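Take a look at these structures.
Paired with chain B in one complex and with chain C in the other, chain A is shared by the two complexes that follow.
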Partner chain A sequence: MSEGLVLAGASYRYAGASKPTLRSVDLRLDSGRVVGVVGPNESGKSTLCLVVAGLAPGVIGGRLEGSVGLDGIELNAMRSPDLAQQCGLLFQNSATQLSNMTATVFEEVAFGPCNLKLPPVEVIEVWWALRTVGLEKLASRDPVRLSGGQGQLVALASVLALRPRYLVLDEPTSELDPAGTKLVTEALERIVRETGAGILLVEHKTDVLARIADEVLVLDHGTVALSGPAATVLADPRLAELGVEPPAGVRLERAAKASGLEWSAELAEAVG
Partner chain B sequence: MITQGPAAVISNALVPSVEFEAVSFAYPDGTRALEEVSLRIEPGESVAVVGQNGSGKSTLVRHLNGLLRPTAGRVMLDGLDIRGLHVARLAERVGLAFQNPDRQLFAGRVATEVAFGPRNLGLSGPALDERVGAALADVGLDGEAVSNPYDLGYSRRKLLALASVLAMRTPILVLDEPTTGQDARGVGRVRDVVAGAVAEGRTVIAISHDMRFVAECFDRVVVMRAGRVVLDGTPELVFGESAWPELRAADLEPPRAAVAGARLGLGSTPTDAALVAELVAAGRR
Partner chain C sequence: MTPERPTATSPVVAEAEEAHLPEFVRRIPVGPYRALNPVTKATLAVVAAILAFGVRGWTGPAVVLVVVVSCAWTAGVLRRMAPFALATLPLVASILVVNTFLYPGAHDTIAKLGPLSPTWTGATTALQATLRVVAFGFSAALFALTTPVDDLLVELERRGLGRRGAFVVGSALGAVPSTLERAREVADAQRARGMETEGGLWRRFRGLVPLIGPVLFGALAEVEERTMALEARAFTAPGRRTILRALPDSGRQRAARWLLFVGSVVAVVVTLATPVRLP
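Moving on to the complex of A and B:
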């Protein structure tokens, strides 16, 4: 039996699709680790999230080959309420995530724990989740009347409230302002440190990954094009060819060298 | 009809100036989103509007096509209050691409979606087809004309929403967070769309959280905080060190190149190119 969320040779084809969206993907997510996923649009990142969280093929159908296991148990052998507590998925479009059935942000974030009939003491987790993403002041607001970025934070809080051991986050900062992005980045660092959760993080902002990811995996046309330690992959010259913007530090270093400048320690320090 | 092509430049006489005159707006629930905003945008300017989530950016631009009407103050095109303009007349002048494409898309086919606007402007036949084809090509979706919009991923649905606004060929183009969810290639497409519209002499107003995109693609940056404009100027000014306290009070961070330039004592270098140029110049001195 192996610990962690493990994909081995996983291929996935949507129902009715002529080609698989994911092909022979190997991935390992351990507790306390952050694995970043990058790649051009439509390279299979969101599908990977659905597969890792057991929604594809579990809920949406399609055909999976290879293995997707959680601590050695195949996901398709798990009941969905158990899975929901083990592995929390944040959808790319937060409007998809919100229930549209609750009157307040608090109720929205409590929706998951209540649905799983967790004891009332778990309500504490709702406040913890709201605080973690800086939403406690909005707890009594109507979730459908929030800005795009605030909606995204509510969706993230609703995933955190279940305190899953693994978090699968599909572009959690896409609609956030720079302050919101920083807040979420720091919150994820804290969650990993304090709860030992493992995080699979799909994120176009490679600056965020440069800061918090241990490993990075690059998807291209449904296959893993590059993978390894974050610093190595994010500095790989093939990254740009794969349609991924390198982090600011890497980009500036290249621009400076292309102009014939010596890349001194002072410059590296200034770029940060 | 406004013509467009690589060489076609829209005369400034056809592009109206935009003016917000002490515009305030409160939502029905009482949330005050704009507080006496005054702003004048000349024909052909490229303006990025930045600020925290909830600072009033989307509310501001939704006044431009009549989606929202000011609670107090006036919004004017060429000095005329848009309150007196029919929504259809306004739609010919101001094209707005929403932040969330799913609020905009409704058709079963990509080409039908893009044709909807120009068809309502009275276009048909080859002229309509040409419009649709050009707009789809501009965003790189020319191979998807017969696809269902909902078979496209989020990022391409967003480019589709952009194409359907481009097809209107409005003299004023308003983009609400056009680069969110785009990969490097998609951001490149959006940059090309902005640069193309600017080269044609159109006015481009874009909301963005991407400070690098803002610094590299726009001549003017407007910073909003709590419904007010708190900074307004060139990227050099707004991202220059002396503006940082105001920028940070608005919960924004200058681009990385600007921070590096300041640390190295190179003056205001809001873009990678400006930073490298300053470094090269400093090396020669």
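Moving on to the complex of A and C:
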């Protein structure tokens, strides 16, 4: 098994389920790269996140076939606390990710580092995570009294605070407005650039993937229906058939061509 | 008892200051009562309950009420205790009515009010019981208003409860508002689908039935997600967690806690099991 986070022929079946939710998934996430995952509802995206983060079957049981490895080590051979430092997971429902044991956003974000017994001089580094997602001004607020979008940013900062080498983000912008989505997108770009982290990004907003993903993988009924470079996959005509809306740039290009308008590389650049 | 203010000599404080943790995390308590260790404040609340309900006569609850009100004034939370006082009103009202008008065996009638005969014995008993309830309610309010839940959890964890135990206590305390919130959301959703929740008692009761399933199963489903989220945040890492905030304690506070607890038990035993009677 090689460097990076690698799934090879991974199939996963939940405990008590008659059919597997994931079937023979191959995936590779290297440091400094962003792999986007899209797909319709019930296609297995969240399950893929749990498998990649080692929580399925590690914590919730079930049956995994194939292999899931991190830098050559099988995930099931690693302890949860060690794994948390290697591979951070942001859940789709941010409300359940918060500990409910802290009085301020700062302490909520510091919850993970404190669990790892880091000394206060290192815990103070949570400011970096808060700055990254634009939450500095909310640091003293009660985390349970935030809006859904703010709660999602707190959950993201909590994952970042552990400084994992790989981030698995399950729809990090689902509750965010356009400004929040832009903030998170820019933050993820910065994280990749500055820390060299590898990011597995499950996201319905294909515009976000078009901007930051190097590769995209489309899941359908638990299998990989399409995969490859982001620009190629997101422009694939089969995307819409799989229930995924192509990015605005792709749709605009198609509309322009269908109307007989000239579509240039400059225009595509301007549309973004 | 002189509570200790956290000082730079405390290793946790020194470390926190050195780390430049923000003020709202270090939360250095202001005033002597707030600076008490959470366990000392909890002990005071327990002792207040023992004295208010256990010591016969007016002395026990009266002393508790005076001490609690003084502490609340010192801690600057006296005004914020008003809602707690209001919360005791239904209980107080029923105590006053039942005892004053229906005290069994009392014949020292105050006045005849149609079929009702309020008695001096009943009124005295009612006032004494009211004093006990109010004294206890105020002491619980004082504890709640001056002790952040997370401080209590940190202290319990530091005293050996362990991070899992602290989490269970914290989750139980946090579950009440979140369950109410969930019930409100489910009720709104059901109402939007035509469920009737207003009107008579029976109709309201029937309206509760469709709430139970979603609230209960939703809470159970959340448990699994929370477990995974905790794992993903290194909650199961071995050893004690880093404590960011100093919670001062001292030999004097420890001694005072034992003294107060034992003293309150002795006071109750003396008034109940001996001829000694306090006013």
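A few comments on the model shown:
The rule is short, and it goes like this: the second predicted complex is superposed on the first by the 262 of 272 C-alpha atoms of A that agree within 3 Å, B and C clash if a C-alpha of one lies under 4 Å from a C-alpha of the other, contacts with A are read in each partner's own complex, and residues count from 1 in each chain.
Here is the rule we use: a contact is a pair of C-beta atoms (placed from the backbone, for glycine too) under 8 Å apart; a residue touches a chain by one contact, two chains touch by 3 or more.
The shown structure was predicted, so the numbers you read here are calculated from the model rather than taken from an experiment.
In the superposed model, A:111 lies in contact with chain C only, and not with chain B.
In the superposition on chain A, A:73 makes contact with neither chain B nor chain C. In the superposition on chain A, A:119 makes contact with chain C only, not with chain B. Look at A:53: by the touch rule set out above, it reaches chain C but stays clear of chain B. Within the superposed three-chain model, A:93 lies in touch with chain B and with chain C [touch as defined at top]. Of the two partner chains placed around the shared chain by superposition, neither chain B nor chain C is touched by A:15.
Within chain A, the residues touched by chain B in the first complex and by chain C in the second are 93.
Considering their complex, residues 50, 53, 55, 58-60, 79-81, 84-85, 88-89, 91, 93, 96-97, 99-104, 106-107, 110-121, 123-124, 139-140, 144, 158-159, 162 of chain A touch chain C. Across the complex, chain B is touched by residues 39-42, 46, 92-93, 95, 145, 147-150, 171, 174-182, 204, 207, 240, 243-245, 248-249, 251-252, 255-256, 258-261, 266-267, 269-272 of chain A.
Contacts from chain B toward chain A in the complex involve residues 29, 51-54, 58, 99-100, 102, 153-156, 177, 180-187, 209, 211-212, 251-253, 256-257, 259-260, 263-264, 272-273, 275-277, 279-280, 283. Chain C contributes residues 15-16, 18-22, 24-25, 148-150, 153, 163, 166-167, 170-171, 174, 177-178, 222, 224-244 to its touches with chain A in the complex.
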